[in-house]
Every structure is written in structure tokens, then in C-alpha cells.
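Chain IDs A, B and C follow the sequence of writing; residue 1 opens each chain.
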């Protein structure tokens, strides 16, 4: 019997033996009520039709799409904090999408740029569908209320961007991501989306090959509960926090969904494909936008020379991101940089542009310089180093058309997913398109599935919740020191950066494998005594660190096995791209005993001929 | 130096003092200090942080009773602001329910956002397929209010919310209503403006805390004023708030050019001025209120010219 | 110290805060200041008319500023809301609105040039504290004062551009120069609620009461404020407010100008202390 839960029924059936959260009427409601009732099943577990983990652009789009597709379904968006703290807000450049066909642009051309940009590791049919949807999404976002910068004719304005053969990076001044995130949030709020705030994902339950739902931890109360759902959408963002502070991404983007999917039997596809952005703040890793170079800034080494002349003599500082990133790391390795260790750096100098121009066109960068490094770019050059910026890899998508994973009932969207649209290197402007497009597709897909599916009994969920409850008790009691956890995290970041950063070799990766094992052993022995269940962030950080360790191991394995250089993955010992052997996706899976295994999956190669990637 | 933090463990509130060496924190932001304390001294200290570069709004806290976003507040600036103090008091944002330490509950605020229907409802001439048309000037008009990162700093010191939140909303909610209502693509500004009225638009006390605390320089106070002007133009004139504001305008433009307090009371509350009889009598006893003022005060010199100027301004905006 | 000013009293000084007019007129000559009232000044809008027609109020304030400019004097006001309204108008005019607004002022044969700065009594005294101190005849050494800034004396900081809004010191500087003791007062930067006493009466009474009780708790002999609107709210409505919260405390609330007058040895009657609703006679 197919159960269609209305929102009211969902709330009535939602129950746990936990503390009650505040129940407020209207669209923002807690999923848990104080009373204990059962609905259609004999299990006393809370449930909803569609559970969406993650409230960035992708998660919010998925929620609205699902509710529109079938208004009878109960849809809940789970957020680790509250719904506007996502990485989506941090994107700046723009959102790609063809809306102007008058100058020879087309969805196919956008797809070609994407495929080439991804060094041909992109699934081509999916990329064409993606680019068509991305183009259509621009007008849709405008209609939803997103404020875009405008052309003289009042149309959405676009700017040229890296790797794009036509101008199609649509933007809203210098904070397109923030604008996209809030447009999606406003839409979600107006559409009546329900949010479950301060809840984190622990695991996904899969039984008899089907997705049962998720085990969530209520950070406010500490209660760990299995939540049954007909469809689950993982939209938890990327995993570049494996480099800990040498990344531009938020503290909360720790790849929880990717790790949970891996544990649930879904492959982690192309994990070694991490994009490094050339200019990140030294003490922190946050981004200095490309605009600094776009406006005419120079990159200088400790000899005062504009070293890009040796790496990209015609484009200089405006070469593609991976080329500039490699250039900077080479200067550091060859002793022509400043500082040492993780805090080595080169200089980004904009002084010659003059105070007036800096204040007018680069105010954000000046602010970041003062904030993070106590440097005023008007008087001094900024110190920068490459930083991990985006995860091309992610949860294996089985079908682009509904963003489903190979596990029925489990879907994924946004940076957490990997079709792959971005292949081995993402084009600037494509990640916002990704969030907005794949979010909607996943929402539609999840709704279609949930409309026909039954709730499972939740047996695996129940067991997982039990295990997590035991683990919580174990980890938060006994003797130990939180400093050990932070030490492991710092070392993880440093090890990953040094050995699996911009330049990789077999010996470094093998060494990293060993280090990760050692860190894992230390992690397994961790105890962080903190008896208070209320808002126990020590346990949250513990869970996140566990996920980062797992994801590092997967990435290390794939980086080790992919014996070629492609896109962002640079093997010094295999400097060329090897299409004969490696024109395929790496697929890391976890076997029944918890060990990671390497596999491969074909890339969809159809319309575009694989060729050398030259700009 | 000392950081005295107002903590809450889910059951009881208490303060806890952490000592740090000034030289260890001078170059940091306030968020950096909180992270330092959590990682080196006390892992149980709770606060929310995400982007650490002032775009996600997660790290709003109070320093000495005033709201800031921690990641955007350099310790050197705080030292300067508070006169090289050797102690800072750190508290959670005010006017939010505290969940733990410096972590607050955002559910009620999200519920308030829902009341004003934050998403645009576009004009019929636009469509999902074709998008909308808007010119750069119209974009520039509203884009500042889109800088809002939902950090909550404006709500923390809002004097009206502190006095009573039941008949009011966080200042940023009014800003969101303003930006949707003033979007040139909007089918009907009243979709957002009307619920602003019914949820306390006229209760703002003008304390300017919101405008003063906003790390993005948005003035919700100005947006509230803008919404008030908008709804008055649309004829939503009834109630004490509108009558009060209009009385000042009437005095300025149509009557003497200065406030007439007797008429203010009468116009604002009409018959129910009787309820204020106590105050009126007090004032008259104190010799401060001249009841003859009800017949109109002395018109200012040059009032005719003032009127001409204002008419000219009105005519210019009609074009 | 600047000695001559175009004086902008603001509407309430002509009626409900008549004592503030009396006090400023009494202290000015002793301080050596000449206040020439601007002929034909209009209401500043009081942040209320701004809610009805922001353009009309900008025009009105442009006219007020132009009138001061005609006198070749800087403008001084003793009302904080007038201060904020005039300052904001001036900022708008000086940052792009001047040409446009002048086309409207022209209809009344007026022209805004931007030559008159806007200041307040509090700012003037704080900037010349030593000079004021030298003129004190009756140092108020036994007087415990709770300084209440009032919102529009300090916020928004970027509009007023004078001192820190979270840690201002001007008022303390002046009160100490007069010889009085400043007592720590938790609500010194809070809002009195004056501007919403009609539409949000319950809240405003609570705010007013909180401020009075806080002053009483700090053992202040009086609350002093530079803004006549705050003074009105805290004084005229004090009994009502304290009744709503069933509080017994009563604390006299006096104008900054009255406090200065007391220190200058001026007779209490001349300072209008009779007009204060909560009995302030003990302060003289």
C-alpha cells in the first residue's frame, strides 16, 4: 500500500523519545513532536517522504522541485546549522548558462567547453543535457526573483570567464553565489519548505539494496535517531576540507554525505579530482578572487620577478587556474618563494594599479588582506598560496536524468555528486549551474520515486542508530583530550597537502597511505570526554574528522591508481594524459569488511572527439 | 587578558572566564580567538562559524553588549573601540533564544521571514521561460538590501524586540520585505508590504541599532521608513502609527511648518486621547501645554516658500 | 571655541520642553556663546514626516541648512533627532543630491551651498571641556549623574561621524568637567521609545520604566540627557511608565543645559526646573 503522507500526517507521525524541539506553525517546523505515535508501520521511527540532507543551493532547489512535483509529499531539508551558511554563498564569479544565441553560442558549445575544460573526463551526453538545463535555469532564476546585473536592454548580463569560448558567465556584481543562495532560500521559504536545523547526518541506511532513510543526530539535544524516508537526497557539498585549512570552503563542508554514501555501498567517483585555486590567503585558505589578476595584478617570487613568464608567457597571470597553481607551487618547491611549510607563499602585487582603482574595483580583496594578513594592498603586496577550492569528484550518479545513485531511493546533487559534469577540472561558473540544475533534477527524481515507493521497515537504520549511540557514549566518556583530535586534523590537512596536493608522485602517495593509516588508528583510539549531550560540538567535529579521514583514504587510493596526469590531477611520475589506459572514472568503493577498493567506470564519450587540451 | 563568556549548557546559564596572552591574539579576528579557546582550552565552548569571511552570517556574537560578526572583527579594532580593555564580555546575540553558549535558535526568525513572503512574485508579462526585464538602475536600487547575510546583528540590539517581540519582527525581515516590494519585477508590492504592516511595521522605535550594527551597512530602519511611506501612498492609513507620522507631515507642509503638539495628540489618537488625559493634564499643570494651540500655531516665516519648494519636488518626481 | 551659532531649537523647545529653551538661553551668555535663532526654521521632520515623504523632508531640511548658511554661521541644535535629521540631510546633499534639491529650493529663492556645519550642544561642550570647566561656579561634586545619551546622539555612527556609538565618552567628559560624578548606568545607550509611544505604547512604557529603574539602581541623583525628546519621554511619562511595571522608583530627569546651568550657578527657576514633571528641585 502506498502511503502518501500529508504534512499534517507527517508531523503527527513524527516521533522520538527525545526532547521536543520547538514546534512552530507554518513552513519552518521541527520534524519531531513530543508525543509518540505510530503511523502506517509498526516501527516507532519518525519518517518523511523525502529527506534532503544539505541546505545549500542544491538542497534548496531539490526541496522546492520535489514539493512542486508532488504537493502531497512531505519534504524536509536537514541543515547542520541553519539554511544560509552554505558554501554556495561563497561563490563569486557567476553562473554559466547560455541565454544569448546571437553571437554563435549554443548549449553544445558550452558543453564542449565543459568537456574540454574537464580534460575529457566528462560524461558528454549528460553535459549537453546539463548545459541545456543551465541555460534554461538563468531565466528561471530571474523569474524567481534573483537580481542579476543587467545589460542595456535589461537582460541578464554575462562576463567572460576561464575556459569559456563565448561570454556566458551570468553574474550579480561580485557575489553571485550569495545571491543564488538567498534566491533559492527565499523560494524555499515562500514555498513552505520545512527545515530541520542543527541536525547532522551520521549514516544512510541501505537494506536489501534499497535506501531506507538516514540516521540523524540532533545537535541541540544530542539525540541520535533513525529517520525513514522513501527518498533521500544527499546535497552536502564538497570534501576539500581534507586539506583542512588550505581550502577556501566553509568549516562545515566536511563531505559528510559523500562519506555516508561510501559507507552505504555507493561508489566515490573521481575522488582524486580536486581543483586548486591559485590565490588563497596564507593564514586560512580563503579565496582571493581571480579579479585581482584580471584587473592587472602581478605574481612575484622572492627575486621580485613575474615568474609566470616561464609558465604561460603569453597569458602570464591570466593563464588557466591549474597552470597558475602549478606555477606557484613550483616556485615554492624550487626555493623562490617566501616562508616555509604550509605557510610558504608568493606575492600578489596590485600597488601599481593605484589607490583609487583598488578602492573602487578591488575593495573586497583589500578587506580580506587587512582581515587575514594585516596587509593593506594599497601599500604592500598580498601574500598568497594556492588553496583547494572545489571537489570535482563525489557520489556516483547512475543516471543524470534523475540524479539517482545506483541505490534505489538514494539521490544526490550539487558539489557532493559526480556524474561527472566537471571531469578532471571544473570551469569557473559551472558550479553554481551544477547546484541549481542538479538540485532540481534530484528533487524531481526523488519525488517521482517517492510517489511510487513504500517505506521500508528501517531495520538497518535501527542498527546503525544503535551503533552510533554506543559510539557516542564511548567516545565522549573515559579519558582523553580534545587537543589530540585537533592535532590529527591539522596533520591530516598537512599530509594531504604535501603528498596529494598540486603535485603527486607514487612515493608521496604511498607515504600518504601509510600516514593515513596511522592517523586512522589514532582516530579510532580518540576519546573526547564531554558528557553534556546538549550541543556537543566536540562529537560533531569528531564525526566530521572521521569522514575526512575516510575521504582522504579514498582520494589517496584513486590518486595512486590513476597513473597519468589529467586536469587537476598532476602526477610528476606520469606527466602525460593517458587516454588509452585512463580515459575512465576512478570508482572507490567500500567492501563488506570496510576496506576500500579501486574500480573504474567508463566515461560517456559521444559527440565530442577526445583531443589534446590546449588553450 | 580575559574573555568573559556568557554560557548556557542547556539547563543553566553561567559565565566563564578564559585567559589568553594578548600577544597571542593581537593579529587574530574575534573568531580566531574563539577557535583558539575552543581548540586549546575548552572544547565544550560552542559557537557557530562557517565561511570565516563575512558572507554566510554564521558567527554573530555580542562583544560588551553589542553585536558583531566574529570573523570580520579584528582584535586590534576591538582594542581601539573599547579603549585597550583587558577584558571583553562575549555573549550570544540578544533577542534570540539561546540553545547553547553562543549558539542561538533561528527557527522563529525563519518563520517571520515566511510571513512577508520573501520570494518575488513576478509580473504577468514575465515568465519562467523568458525571464524578466530589469534595468541596471532598478537593480542598483535594491541590491544593497540583497547584501543581507542573515547574521542577526540587527536584531540583537533592536530595542523594540527586547521590549516585546510578540508584535514585531527582526529588522532584517522588514529589509527582505522592502527589497521584494521595491523590485521593479514585482507584480504587487503589497504581497510583502501588507504582512509587514500587520506584523509590526509601525512599532519600530527608531533606535537605529539595526542600522548601526549591520556589518554590511544596510539600514533596516531606512527600509522600515520606506515601507511606511509606500503603504501610506497605497492608502493603508488607518491606525495610530500612520496618523502619528502624517501629523508631522501635515504640520510641516500644510499647517504652520512646526509641530503642533495638541493637534498631534488629537490626530494620532482621536477620541482615545481621552486615555491620555492624565498626561495632558500633567503637561498643562506644568505649564507646558497651551490648549489654545489647538486652533493652530504661529506659521513660520517663509512657509509659503517652503510649500513652493515641496510642490516643485513633488512635480519633479511625478514625471 | 566657536562662539556664534545659527540656532535651531527644534519644535519641542517651543512647547512641551519649554524649560530646555529657558536653560539654553540662560547658559549661553555665561558660556560666551551667541545663539541666533534661525528665522523661519521649519520642523526637521522628526523622523516621522520622513516616513510619509522623504523627499519633502529633505527639501525642508535643505532649506533649514540654507537659512543657516545665509547667516554665515554653523548650525547648532539642542535636539538629538533634529541633529540626526539635519546631519543626514546634509550628507545626502553633499553626496550627490545638492544640484537636484537646489532646483526645488530655487522656487523659494534659496540655495544650499554646504558651508554650514551641523553641531549640537553636547558636541560643542565636549570639544571645549577645559574652557567649560573654567567657567564652573558651583562644581556639582555631590551630584551623582546617570548619563543617558539617547539614540540619535550616537547612532548611526557613520551618519553622525563624531564618536564611537558603542563606547562614547563625550557626555562623561562634559559631566566630569562640571564637577559631577558619573555613575555606571546599564541603560545609558538604550532607547527611551519616544518616537513610538503612540503605536507601541506597551513596549515603550516598559523601556522607559527599565531606564528609570536602572538609574535608580545605580543610585543616581538624576538622569541627564542631551535630547529633549528623551527628557520628555523619561520625565512626562515617568509616572505612567512606573505604574505599568508597578515600580516605586522616581528619578528626576533633567536636560544637559539645565545641568550646565546648575554648575554655572544659575538660579533654578531661570533654568525652568519648575517645569520638570518629576520633582527636580533637590538638584538645585
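Heads up, the rule we're going with is that a residue touches a chain if its C-beta (ideal position, glycine included) is under 8 Å from a C-beta of that chain, and two chains touch if they have at least 3 such contacts.
For clarity, every value in this text was computed on a predicted model and none was experimentally measured.
Undergrad: Determine the shortest chain-contact distance, in steps, between chain B and chain C.
TA: The fewest steps needed to get from chain B to chain C is 1.
Undergrad: So, comparing each chain's Cα centre against the centre of all protein Cα atoms, which one is closest?
TA: The chain sitting closest to the overall C-alpha centre is B.
Undergrad: How many angstrom between the C-alpha centroids of chain C and chain B?
TA: A distance of 22 Å separates the two centres.
Undergrad: In whole angstrom, how far does the Cα centroid of chain A sit from the Cα centroid of chain C?
TA: It comes to 54 Å between the two C-alpha centres.
Undergrad: Please tell me the distance, in whole Å, between the geometric centres of chain A and chain B computed from their C-alpha atoms.
TA: Whole-Å distance between the two chain centres: 34.
Undergrad: Along chain A, where are the residues that touch chain B in the complex?
TA: Where chain A meets chain B, its residues are 22, 24-28, 30, 81-87, 89-90, 99, 136, 138-140, 142-145, 147-150, 152-156, 172-173, 175, 178-179, 182-183, 185-187, 189-192, 195, 197-198, 220, 250-252, 284, 286, 368, 370-371, 374, 482-483, 485-486, 528, 530, 532-538.
Undergrad: Quick check on the complex: what are the chain C residues that touch chain B?
TA: Residues in contact with chain B: 11-12, 14-19, 39-43, 45-57, 59-60, 63, 84, 100-101, 103-105, 107-110, 151-152, 155-158, 164-167, 190-191, 193, 195-196, 198-200, 202-204, 206-207, 236-237, 239-240, 274-277.
Undergrad: Of all residues in chain B, which touch chain A in the complex?
TA: Interface residues on chain B, with respect to chain A: 9-11, 27, 29, 39-40, 43-44, 46, 48-53, 55-58, 72, 74, 76, 97, 99-101, 103, 105-108, 110-111, 113-114, 117-120, 122, 126-136, 138-139, 142-143, 146-150, 176, 180, 183, 185.
Undergrad: Tell me, which parts of chain B touch chain C in their complex?
TA: 64-66, 81-83, 159-160, 163-164, 167-168, 202-209, 211-212, 217, 219, 221, 225-226, 228-229, 232, 239-241, 243-249, 251-253, 257-259, 261, 268-269, 278-279, 282-283, 286-290, 293, 300-303, 305-306, 308-314, 316-317
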